[in-house]
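Going by the order they are written in, the chains are A, B, C, D and E; count residues from 1 in each one.
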């Protein structure tokens, strides 16, 4: 890796190279039947891994399993299920 | 070399009047008090920044060692009993 | 003696408690924070009668130390890299005011780039402040140096603040067996601080007023005189400590296996332990090498260093810091001290920002020193990246 | 055109000629007049710049860092206590490789408080990675600020131009002020490779994990070392434009000298008079003045001092518990040199104490005596100390 | 109302914040409100350290970090540079935590606001020095446990009330000051857009719960933030040119113990201490006209 003078990082958003999925012990499972597409899960996700839509997509590469989406979902459409290691 | 005794305290000075020198040479005008007009109201004493006015039974007494001639006493005296005069 | 396994930071907290520090202004900064957290625990549980001041910045921490110390209280604080640089204006002030303050500096690299791991750039850049500056190799030495520091700082001939350094994470967050002396023994070694408060309503005094050029230089010279006195007080305190507790650190500088050595490596801090191993293994293979452990950087032990380097041909100086545009910081002081001898001095800069200095690195340094006996090296200062 | 300028005015005018865009400074004696003159230039429209009147020196340099990172030429000025308060940010400015130029009117350090001149302040921050130039007269202050911008912007390194408080900052000397057109030709406009710009977002000042931290510090060391050649190169370019010669050091009658004085700043002028008087009497005395203390001119000093028998270092700073900073680094430069001159260190002029010709002569005599007996008994001595006050024999 | 929310994410995933971190959500929502044309001056702290491990960065906007105590000073330098370059339409945003704002960085913030620079200062308030491991700051609430205000026989948690920084900044005459919470994102985004539209220094103080620091499970982060508002422990208001109005009034205020009970940092509180906290909350709510 070529070091830039003053340690300037010239690729914005490059933390996407580091996948934080290994951090979680639970993962959110979305029940598309119950989902009303309200978008609260998308709004409250600290890691921006949930995409809007009905049902919402979860980018499991970065989800840390914090469980906020499940806790806040008004329709109780998201439940945290244990992460089975492969 | 004899074992050297350190300074007991860092830089310090005990307060004493005139410890930083008499400031009378600063002034180009000096206050003169007309005791007849003076009402003993002590405004001059209160407002003097250099504590150069003390109050006796006969009225204000100017300590000319420290008066810098700023003129506040003359300006503030309600009875106009103090006038600033050339040296 | 109670022996326990404790981290460097915990040891500092116990040292401060045993020394009966009274005022502890503190501000959190990695890796020093767990010192003040441990002290907070002591106070919260009533084990320690002291005032932990949770100030709003390191600048305020040193300001509070100055206020506390001039009132005669035994004062302690702790900080690291950015915090030490932020209070830099006041470290000058504390030494110039001749106020005994003890500060633990848990060494950490200077940013940028932002780095919380260990090197000695932060404490070595404070060399002109007038503080005494001690280094520690092990957690036991950290505890003992902390206690000795209060005694040295409050000695009537010194009356200068003391900062002692321990490597961030390598000592501060690493647990080692440590013998904790009993409070009674420490009280014997370190009598209660009975300095009179310098500000007293009954004897009003103006402190630190402005000396005109006709007076200023002499105050600076007094500091130099106190530093000379400290060159006697530090070893004396160390000897007295050894008499009472059985542990001593040879005063300001420890020569290690210099008998018959042609080459030696001078360094400070926890890396000395690694250097001892390498010296042992090289000696077994017949190499005539030794080590000099620098314990006191200010005052700089020039006399002791010259005596130790009498027979040497080459002295390597391993600096964990860099004065940019020049080179090693300890290297300059060593060069000035060894002027009269014709010992060749090589400077190495290594272990910055938490980079480990491995056995191999030290072995390579010794090899370069040995080769330098015959061949003068092209560059006196080399980077071990 | 020639004009009588104080050091402060020279620094302010140099900043104006360099067309600085953002000035961020805090008043502190003796530097304040730099800030005042710049405020007048901006107020009268003579200088199109933003002047941030910050609330502390720490913020002064922080604002300069923000401005320089956003792609504008910045300037600040400070002294002693202010330089110490911003010392954390000195490391940040050099670490971020931002070409900030600062004028520093040297003033001694408290406590006890002193507003008079010595070089303890800039010496205390010699590790910060800034290039440090020390000027002997006000002409050199003006010229050094102009050269500082070229060195800084071509190497991405901050530069500190130091001049003695009051002795230079408040003393008027004839100074030739170059024309704006000439300066524009000498000094190309400011350009930063990766400025802060929403069109090309960059991140500055990230976390440097141990795997790459040491490499960045090594790059900074290489840059400061490269600034030696750059200072010489810019000095030559300056000679072409303005017919005044500057290098890393100044050698004054030193080629055949047996005894050499080594000093910095305005003390150089007084030392030259003493050298002349000794030369008149046929004694081979010379002077070497260090202009660039960082980067330290190791090779140049070896060439300049190598031939002498003894060198007396005269410096207005001390590292308590060791010696003067100039002496320490000069000793380090000579450590592996076979034929090194004997070296003596004279701490003088602290807190504004005058360094008179008698003191300088005392230094020359001591060096001559050391050369005769071939050894130095007491390397570090203090000149001009008033024994009565300290109450002890020296 | 929903379309106001922009899809684009200017704070990339993969940053190293703890799971359920309130501060990163605050930054994510703030950048959503402000858009691409910003330059961020960040102070040392959780957000700075977790988002820029060289050679990666989570920021998709220009970002600079210099030190802990000078976010506002660096921001004023950037703003002055933009003005001198004649660059229009770029908003300078200073971001710092509660320690970097209320304690070590207060002087730089006060200076920058007093000088009237055109910038937004965002304080993500997780109520302690979380980056160095949960030490007390002046913004830590009364009674809270932290590692430097431990609960022992003699001392029990923080013994001083939380410093009211928004009031201090409003006293500088700043044109727009507001408090916000990650549990009310629409209110937060509206206030940031108002700040962006205001010429001069603006200040947004965002309440951000911190699961490891306040001792509660990460999934309850939003719930804790919401309960702070519903119980009146955190009041959402804005001060426009000196006039204060509360933007979210809870219909019927919940007892503050509901809020405190969710957090381990308050579990040592006795009923008397909780009653004391309830009294101060009631008084403050009455003072600000919250029911």
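In the analysis below, a contact is a pair of C-beta atoms (placed from the backbone, for glycine too) under 8 Å apart; a residue touches a chain by one contact, two chains touch by 3 or more.
None of these values were measured; they are calculated from a predicted model.
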item: Joint neighbours of chain E and chain C, given as chain labels; value: A, D
item: Leading chain pair when contacts are tallied as C-beta pairs; value: C-D
item: Centroid-based (C-alpha) most distant chain relative to chain E; value: B
item: Greatest separation from chain C - chain, by CA centre; value: B
item: Rounded Å distance between chain A and chain C, as computed from the means of their C-alpha atoms; value: 47
item: Whole-Å gap between the CA centroids of chain D and chain E; value: 43
item: Between chain E and chain A, distance of the C-alpha-averaged centres to the nearest whole Å; value: 23
item: Chain centre separation (chain C, chain D; CA means) in Å; value: 29
item: Junction residues of chain D - those touching two or more other chains; value: 58, 88, 92, 95-96, 111-112, 200-209, 212, 215-216, 392
item: Sequence positions of chain B contacting 2 or more other chains; value: 4, 10-11
item: Chain E residues counted as touching two or more neighbouring chains; value: 48-49, 52-55, 57, 59-61, 65, 67, 69
item: Parts of chain E lying in touch with chain A, wherever the complex brings them together; value: 2, 5, 7, 9, 11-22, 24-25, 28-29, 51-61, 182, 185, 211, 217-223
item: Touch list for chain C against partner chain B, complex; value: 96-99, 156-159, 198, 203-209, 211, 219, 222, 225-226, 228-229, 232
item: Chain D-touching residues of chain C, taken from the complex the two chains share; value: 59, 82, 85-86, 88-89, 92-93, 95-97, 109-115, 117, 121, 124-125, 127-130, 132-133, 208-225, 227, 230, 298-300, 302, 321-327, 329, 331-333, 335-336, 338-340, 344-347, 349, 352-355, 376-377, 380, 383, 385
item: Residues on chain D engaged by chain C in the complex (per definition of touch); value: 58, 81, 84-85, 87-88, 91-92, 94-96, 108-116, 120, 123-129, 131-132, 205-210, 212-218, 220-221, 224-225, 227, 294-296, 298, 317-323, 325, 327-329, 331-332, 334-336, 338, 340, 343, 350-354, 375-376, 379, 382, 384-386, 389-390, 392
item: For the chain E and chain D complex, residues of the former touching the latter; value: 36-39, 41, 48-49, 52-55, 57, 59-67, 69-70, 72-85, 90, 107-108, 110-112, 114-115
